[in-house]
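Following: one structure in structure tokens, then a few remarks.
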Amino acid sequence: MAIGWYLAVSALIFCIGAAGVLTRRNPLVVLLCLELMLNAANLALVAFARMHGNGDGQIFALIVMVVAACEVTIGLGLIVAIHRRRLPVDVDEMTELKG
Amino acid sequence: MPLSVLIWLPAASALVAALWPARLAPRVTFAGSLVTLGMAVGYVFSFDRSAQGLQWLTDQRWIAELGIHYKLGLDGLNLFLVLVTALLFASALLAANLRQWERPRLFYAMFALAETGVLGAFLAQDLALFVAFFDLMLIPFYFLIGAWGRGDRVRATTKLVIYTLVGSLFMLAGAIATGVIAAQGSQPLSFAFSDLAQVQLATGTQYWIFLCFALAFLVKMPLFPLHGWMPDGYRAMPLPVLAVFSAVLSKVAAYGFLRVVLPLFPDASAHFQDLILLIALASIVYGSVMAFTQTDIRLILGFSSVAQLGFIVLGIFSLRPEGAQGALLQMVNHALVVVPLFFIAGVLAARAGGSEDIRDMGGLALRAPVLAAMFLIVALANLAMPGSANFVGEFYILLGVFQAKLWIAVIAFSGVVLASVYMLRAFVRTMHNRPGPKAQSREMSFADGLVIVPLVVCVLGLAIYPRLPLARSEKSVAASVRTAQLIANPPSGQRAP
Amino acid sequence: MTGLAAAQAPHIDWAGLSPIVALVGGGVVVLMAGLFRATAMRRAVVPGLTLVTLATALGMTVWQWGEHKSIVSGALAVDDLSMFLNALFFIGAMAAVVLALRDSSPEESGHGEWHALLLSAVIGMAVLAGAQNLVSVFLGLELLSIPLYVMCATNLRSAPSLESGLKYLIVGSVGSATLLYGLALVYGATGATDFTAIAHALSAKAGLVDDPLTLAGIGLIAAGLCFKVSAAPFHQWTPDVYQGAPTPVTAFMAVATKAAAFGAFLRLFDVALIEAVTNWAPLLAALATISIVVGNVGALTQTSLKRLMAWSSVAQAGYMLAGVVVADQAGAKALVFYLAVYLVMNVAAFAVIVARERETPFGDDIRSVAGLGASRPALAWPLTLAMLSLAGIPATAGFIGKFTLIGAAVDGGYAWLGIVIVIGSMISLAYYLRVIAAMWLSDSRVAVPAIAGASPELDGDPPAPTSRRAPEAVAVAVLFGAATLFFGIVPSPLFDLARDAGRALGLL
Amino acid sequence: MSPTTWAWLVLAFPLAGMLVISLGWRVLPGKLPGWIGTAAIGASFVSAVGALLALEGRHGEHAKTVVSTAYDYAGTVGVDAKLTILVDPLSVFMILVVTGVSALIHLYSVVYLWEDRGYARFFSYLNFFVFSMLLLVLAGNFFFLIVGWAFVGAASYLLISFWYRRATATRAGIKAFVMNVIGDVGLVLGTYFIFKHVGTLDFVGTFEKAPEVFATNDGDLVAGCILLLVGAFAKSAQIPLHTWLPDAMEGPTPVSALIHAATMVTAGVYLIARMHPLFERAPAAADVGAVLGCVTLFVAATIALTQTDLKRVIAYSTMSQIGYMIMGVSAGAYAAGLFHLMTHAFFKALLFMAAGSIIAAMAGVQSLDRMGGFRKAMPFTFGCFVIGGLALSGVPPFSGFFSKDEILLVVGDRGGWHWILYAVGYVAAFMTAVYTFRMIFRAFYGDPVPEARELEEGHLHHAEKPVNPMTGEEEDTDVGFPGPGHFIAEREWPMKTAMGILAAGAALLGLLQVPKVTHVVDHFLEPTFAGSKLATHVASDTLLTVGLVLGAVLGVAGIALAHLLWVRRPELPGRIRARAGALYALSVNKWYFDEIYDAAFVRPAQAVGRFFSTRFERWVVDGALIGGPTSVVRAGSALVRGLQAGFLRLYAGMLVLGVVGVALYFLIVSQ
Amino acid sequence: MAPVLFFVASLGAIAGAIGVVALRNPFYSVLALVGHLLSLAALFLLLRAEFVAAAQVVVYAGAVMVLYVFVVAYIGSDERPLAGPGPALLTAAPAFAAALFVELCIAMLGSGLKAIDGEGAPYVAGFGSPGQIGELFLTRFLLPFEVASYLLLIAAVGAVILARRRRGLEGEDDGRLAAADLFSMPAGAGSQAESAGLLHDRHEREEREQREGW
């Protein structure tokens, strides 16, 4: 398969993730959508690594996995903290800061 | 004595005033301003009129990386403006001394700092330094007006500061561009006027930079239609502040044209000559007409200043030495006249139940012949009565314009006529006629006289010998306008004076 | 094929790495120290250790000044630019530590953890500022972001704090993902992750500079970095997060994050992507314009000082972008100089906000500084200087900063951008002066006779008498306020450093 | 002593007098300020005589033109604005007239103003005026001519507004001042036109250079000369700049006598005479002057016929007489014009003094309608008034007869369309006699009014409550209003002396210049006008004879008509008024000049002012220039803050949108 | 063979992604993401990134997803409408994403790079193997490797700060622990020690003593 196909899939996933972030109100799902975006980047990185035949992209992808894991951890921590504070777990209801 | 002493002496007195017990603050700053005045007088007396160029030059690299010099110098252009600044600040501080101010330490410190700012702007011989002082001198006034003003003072001072800084910031951009673009050749980056004058910028560049500078200066003066900040600002200011503000700050702007714009952007000056002349002309007419419709005496004087500054700009942009000489003399004259006028306005208001509306005054000359005489002298001087130095200024201004653009001079003369209308109207409606409801005639106090009379004496002195400044500024003014003059009037077909 | 045996462990220049090593070590020690049982220990020792760590790192940075090398297989640059920026991070972090001394957020989250997070963020910044490799860039960015996400939320009792944390996290992650995708595209186009290799690839292969793949990558990278420097239209997290986060964290975030992201900007755009400068410079100029307008316009009617500072920081980011746009030594120098100046004036302002938050019941509302000129000149003057400096009034460092930026813009052929900066400054006067007016002009009455009319007592109750004074915040305010003034009058020392830093990139 | 030294002294005495009086106003006792003022002017007159003698003692070419520079006043960049005086026969002639008449009027005023609370102020103003007038006539260059020109205007303003709490007086003062400023402007602009070509402000230099640089009727020169005429017309109250002079009668009567009759208003004549080398190269401009002078002399005479205010009648008469002078000097009758200037100074000052005496007797009332029958009560005043009247009417052998006829002779001699001027001049001469004796008959003949009766019984009438005679407003007698006391010539020797001397002059001065017999004035002024083509021309004897006869006949006929109308058949004027209603209205309303100016200049200016201050200021200066940008920024602020709604998803959305935009830009760039 | 695998795997990945976004119940979303991740791992394998694929399965699908599941379980899945009444602008949000997709496709497919249309560089043995990855991590990418490890540590610390229990923040689920009053610390100020549970026992005891003893 041509590398381009992989890239197209990657772009599609990236945009699906982005659309998810923009539409979902549950922060848990938003975090999942962020995962999608990072994974899409990973796919692109690995595809490019294949295209160029060097390992940098794969290394990069692995690092991204770590980062994604960290973000998720923090994100989930925050959600738990918010839940503990008995605030609504809904991004649309967190609009105290504005203007 | 190096000029730095002159500049920083008021600032030092401000520092002392801010730190010493409050009751000493008025004395300290006033003493500081007196010493400054003494020094300024000394400079005038030891000024070498035959020498070309700057005297008492101080030139140090301040910010080497930006090519900014701490460069100060006196020449014919700023000699008398410095003297007048020192004089008027001393007299305004004296006037301030006669009243009680809340938070006196801050008040007097700010007042003295303002003097440093203005003197710095006059003495700076580096474009960046000039711009810095030009902006900086506004900050003390922000506090002075905002904290000690009257009425809607915060709004008025905000409007004033933003409006005038709008122009200044454009000027900042223009100034930086001047230095940077001038340094794009082989020359190292430098903002010193002497270095910048070596490089002739491309005309297109000159045009936009010129507009930046012109905007700054026209707003600061202010000229029509950029005087929107003036009515509110003038109404809000405490009188001593208003006096120096009106007298001195506007002159920095006019001086900027002579010091910066004409020598550095001669092509643009010639190119935009008509535009600026028209603005000046509009200011003359508009200011005069407004001055005779206002009833607030501050605004009468304010709009009168708009018209007078119109004349000054007119003279500068005649791009001829006569006009520029007249403008320079007129700067000195107007500053000297407007300060006693404002103080007299204050004295009048005190006799009209605190009202500054001329409809509440009238007949105030009855028991106050000295006050009336003082008012009359400065009023006649302000309307450029021949025999006053103001007339000499206007004579030269209009002569310059006449030789450059006949019709503009002809129309500008309407301003002379209107000036007589509004000044006499102000004089008659306050001092003469039947008294207003709350008006009570009373001779001015000794303290008021102490402030006003010396200034009137100065006005008279200058009327007797106006060549005193003229002779000293001749060379510098000619040098300032020379290039622009040549461009505006190519030698062929034009008669040299 | 290269066998494992053939792998040579890279040479590690410990000297060059020393600031980061010190920070990592310090971070771990601080984390451990947080386990002390005694409150006094935690309250005094942990911040103390943090300060010592930062000071040590600062010392190491000074020690490495003048070096020009690439360490750990070229992952990190040790040059004057990174050292200069490091110094800014460390100073900003020290200020944050001092300001946080009596703040509730370290108490809430635990001193050890809080300070360890702070140090981690600093490490992330140091990595980002020195990164010479796309992977390092991304990692550095995340290492600085993730602790900050947490720190924003450390006021765990306060809903706004949590809200700001979540907003920052989610929007920040979208930004990171965008950046990452851009990095991936650039990698895809050039086949390299090292900056020098990327630059080489772009110049060697014809047409690559104008290739849509490359340019889309550059665009996404620009967007991601603009997010971090809070340039419009990627700025919207800024006001909310600044307002919600604990004020010391905000102060740190405002000055250090911006410096780090601009460091990355400089290295990425002015080194790796310099070949495409004609393509990206107009865009960045446009973004700078938008930021200047949006930031200044947004700040106009704010009543929360922190929000006001946030919007102002958006505008300031716009000003600073001009330094990147011109892509020459003068621009880099101006940007670096402005970053330092920005640190000084912002810390001064935030220190006053911190002090007033504790002294008055108004929080960070503008009422908290009403009448400050009369009641607390020691706080009023630093804030006044900071505001004047942010507005670019002469005799303050901000003036010199803006001067150099405009100069660089004009010199680089972006005179119009200089004008835009100037117009932005004009708008900004309206809100900076409002703060000054609140301090100095709100409660004075002029002692003139009835003529002037007694000016009524302005609204805004007098500050509640409180013993919750914060001398350390006052000290920070005074110190940085004085620095604002000092660098406005004697900028040369800072200029020398900025010049060296500007030279490090090897630009024209 | 050289003539210039004397001339400097001439200038110095009034100046010193003014300074002494004004600085010592609080300490000088009694009438001392008045005497100091009079003495200063007297000393000045003596010095003027000294200058005359010194000048007469000089012989040789150019010996009669002496220049002296005190110091370089405001010279710079090639403009020679020095404090220079020029002493030649013309200026000496003028200083003699000015100081002489002024000294007498000062003397008169010592008593006349005695009970006024502004006594010292009055004399300091008066001395200042004399100083200014002398500066004007002695100035050796345009610059100080303008200075003196404006100074007399200012002095005039101050003295018109002397009773400064009278709104009528202050309004008249402003009007006079503004009109005079218009004249100053003309003068300055005219100076510019001339300076542009000759490159010097100095008179001598200008006249030397003028023939080289100006062709005849050179455009710039004509423009310059017409502008000089504007100055002259404003100062000399010639149409169309004359409306201030009647109002100027608000000032005390000695002021009217000195400034608005004898001296200042004749400055225009002096100016044209002084500038004759220029006007002769610009005949077009000179013709303008001659025609307008002629129009003025006619119009003013018609107005004087119907006015009822005693001082205003004399004022219009002054306008008319100056019209003769202007017409004369514009047409080349320099010596004649100046001769008329001198005789006019005497008889008109005399008329005003006599009028002042009557007004005093009427306790301030000036209306002819209220007067009558003063002949017996005030014989001295009556005598003086008649002498002045005869001189004014041009009855031989009084002074006015010779001077006026000499002007008309020269004008008629020019031929061509100048005949029209000549004819109008004689028509107006007839009217002059009519209105002059109308005054005399109405004030002194008929039944004595109560004030006259009271005076015959030895009481000087005093108003119960002082009022403004123009408006009837009540006044007090403090500073700023006329004082409580009134003084008449019959009772006060200084007034009597002054009037007596003037009467003698008015009667006899004509003898200086009897045609074919004496040529004192001609000869004295000859060096000044030596270069003039026109001045050296001699008129034919026929014309001379016709003129003299015609003048005498018309004068006598006018008196006779006046006698018929106001003494013999007092009902006739009413009938004529009813018949010629339109003409009467034109005259009594002063040809509607004030109304026209009000509609053409004052109201539009006020309307523009109102438009600026209410509309323009709000819409443009505060609106478009401040409000515009401000509201744009505010709207931007609202938009930006509206987007900052706190919704996290919105922020992410904007971020994505931004990314889309950025990517789009790069895709476009890459194509 | 490869195209078929590619299509299957990529369809799985896309379907998973859509599932994450579209499914109402967050729990299902998590499961959809697991499917997506596994498909992605398959794609990685097709791209000869064995180690990455393995890491993907182990780290992500194995570890991270478990965390998700726990949190979802903890918070509960009271699912709300997909797109609530937000600002009107947000109705256009999917359009933004679509536009972005179009742009990215144009960028990548319109690229002048020949290689994108090819199947990649010639395969070199060992490419993507744990050996190669390890070598890179220990040589050229040593610093990222170390920093990443530090990042994990910090993330853990951060998560602990955020998620641990403290007084006043709790819901009804655990009041006892919230009573912990550590020395003279202000109430509820958490600490590492607290979070590590070092102090709980003692406090619990003390508290119980207090409650029961008096």
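The letters A, B, C, D and E name the chains in turn, as written, and every chain counts its residues from 1.
One rule holds in what follows: a residue touches a chain if its C-beta (ideal position, glycine included) is under 8 Å from a C-beta of that chain, and two chains touch if they have at least 3 such contacts.
As the structure is a prediction and not an experimental result, all values here were calculated from the model.
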Mutual neighbours - chains that touch chain A and chain C alike: D, E
C-D or D-E - the one linked by more C-beta pairs in contact: C-D
Farthest-lying chain, centroid of Cα atoms versus that of chain A: D
Longest centre-to-centre distance from chain E, chain (CA-based): D
Core chain by centroid distance, with centroids computed from Cα atoms only: B
Distance between the centres, which are taken as Cα means, of chain D and chain C, whole angstrom: 77
Chain B and chain C, separation of their C-alpha mean positions in angstrom: 42
Inter-chain centre distance, chain A versus chain D - centres from mean C-alpha coordinates, in Å: 95
For chain B paired with chain D, centre-to-centre distance based on mean C-alpha positions, whole Å: 37
Shared interface positions of chain E, touching two or more other chains: 86, 90, 93, 96-97, 100, 103-104, 106-108, 116, 124, 132, 141, 144, 148, 151, 154-155, 158, 160-162, 169
Chain B: positions in contact with at least two other chains: none
Residues of chain C touching at least two other chains: 135, 139, 142, 146, 149-150, 153, 156-157, 165-167, 170, 174, 181, 185, 188, 211-212, 215-216, 239-240, 430
Chain pairs that touch, as defined at the top of this document: A-C, A-D, A-E, B-C, B-D, C-D, C-E, D-E
Residues of chain D touching chain E in the complex: 645, 647, 649-650, 653-654, 656-657, 659-660, 663-664, 666-667
Sites on chain E touched by chain C in the complex: 103-104, 106-108, 110-113, 116, 124-126, 131-132, 134-135, 138-144, 147-148, 150-151, 154-155, 157-158, 160-162, 166, 168-169, 182-186, 188-196, 198
Residues of chain C that touch chain A when the two form their complex: 134-135, 138-139, 142, 146, 149-150, 153, 156-157, 159-160, 162-167, 169-170, 173-174, 176-177, 180-181, 183-185, 187-188, 191-193, 239-241, 243-244, 302, 307
Residue ranges of chain A in contact with chain C within the complex: 7, 14, 17-18, 21, 27, 30-31, 34, 37-38, 40-41, 44-45, 47-48, 51-52, 54, 56-57, 59-60, 63-64, 67, 70-71, 74-75, 77-79, 81-82, 85, 87, 91, 94, 96-99
Residues on chain D engaged by chain A in the complex (per definition of touch): 641, 644-649, 652-653, 656
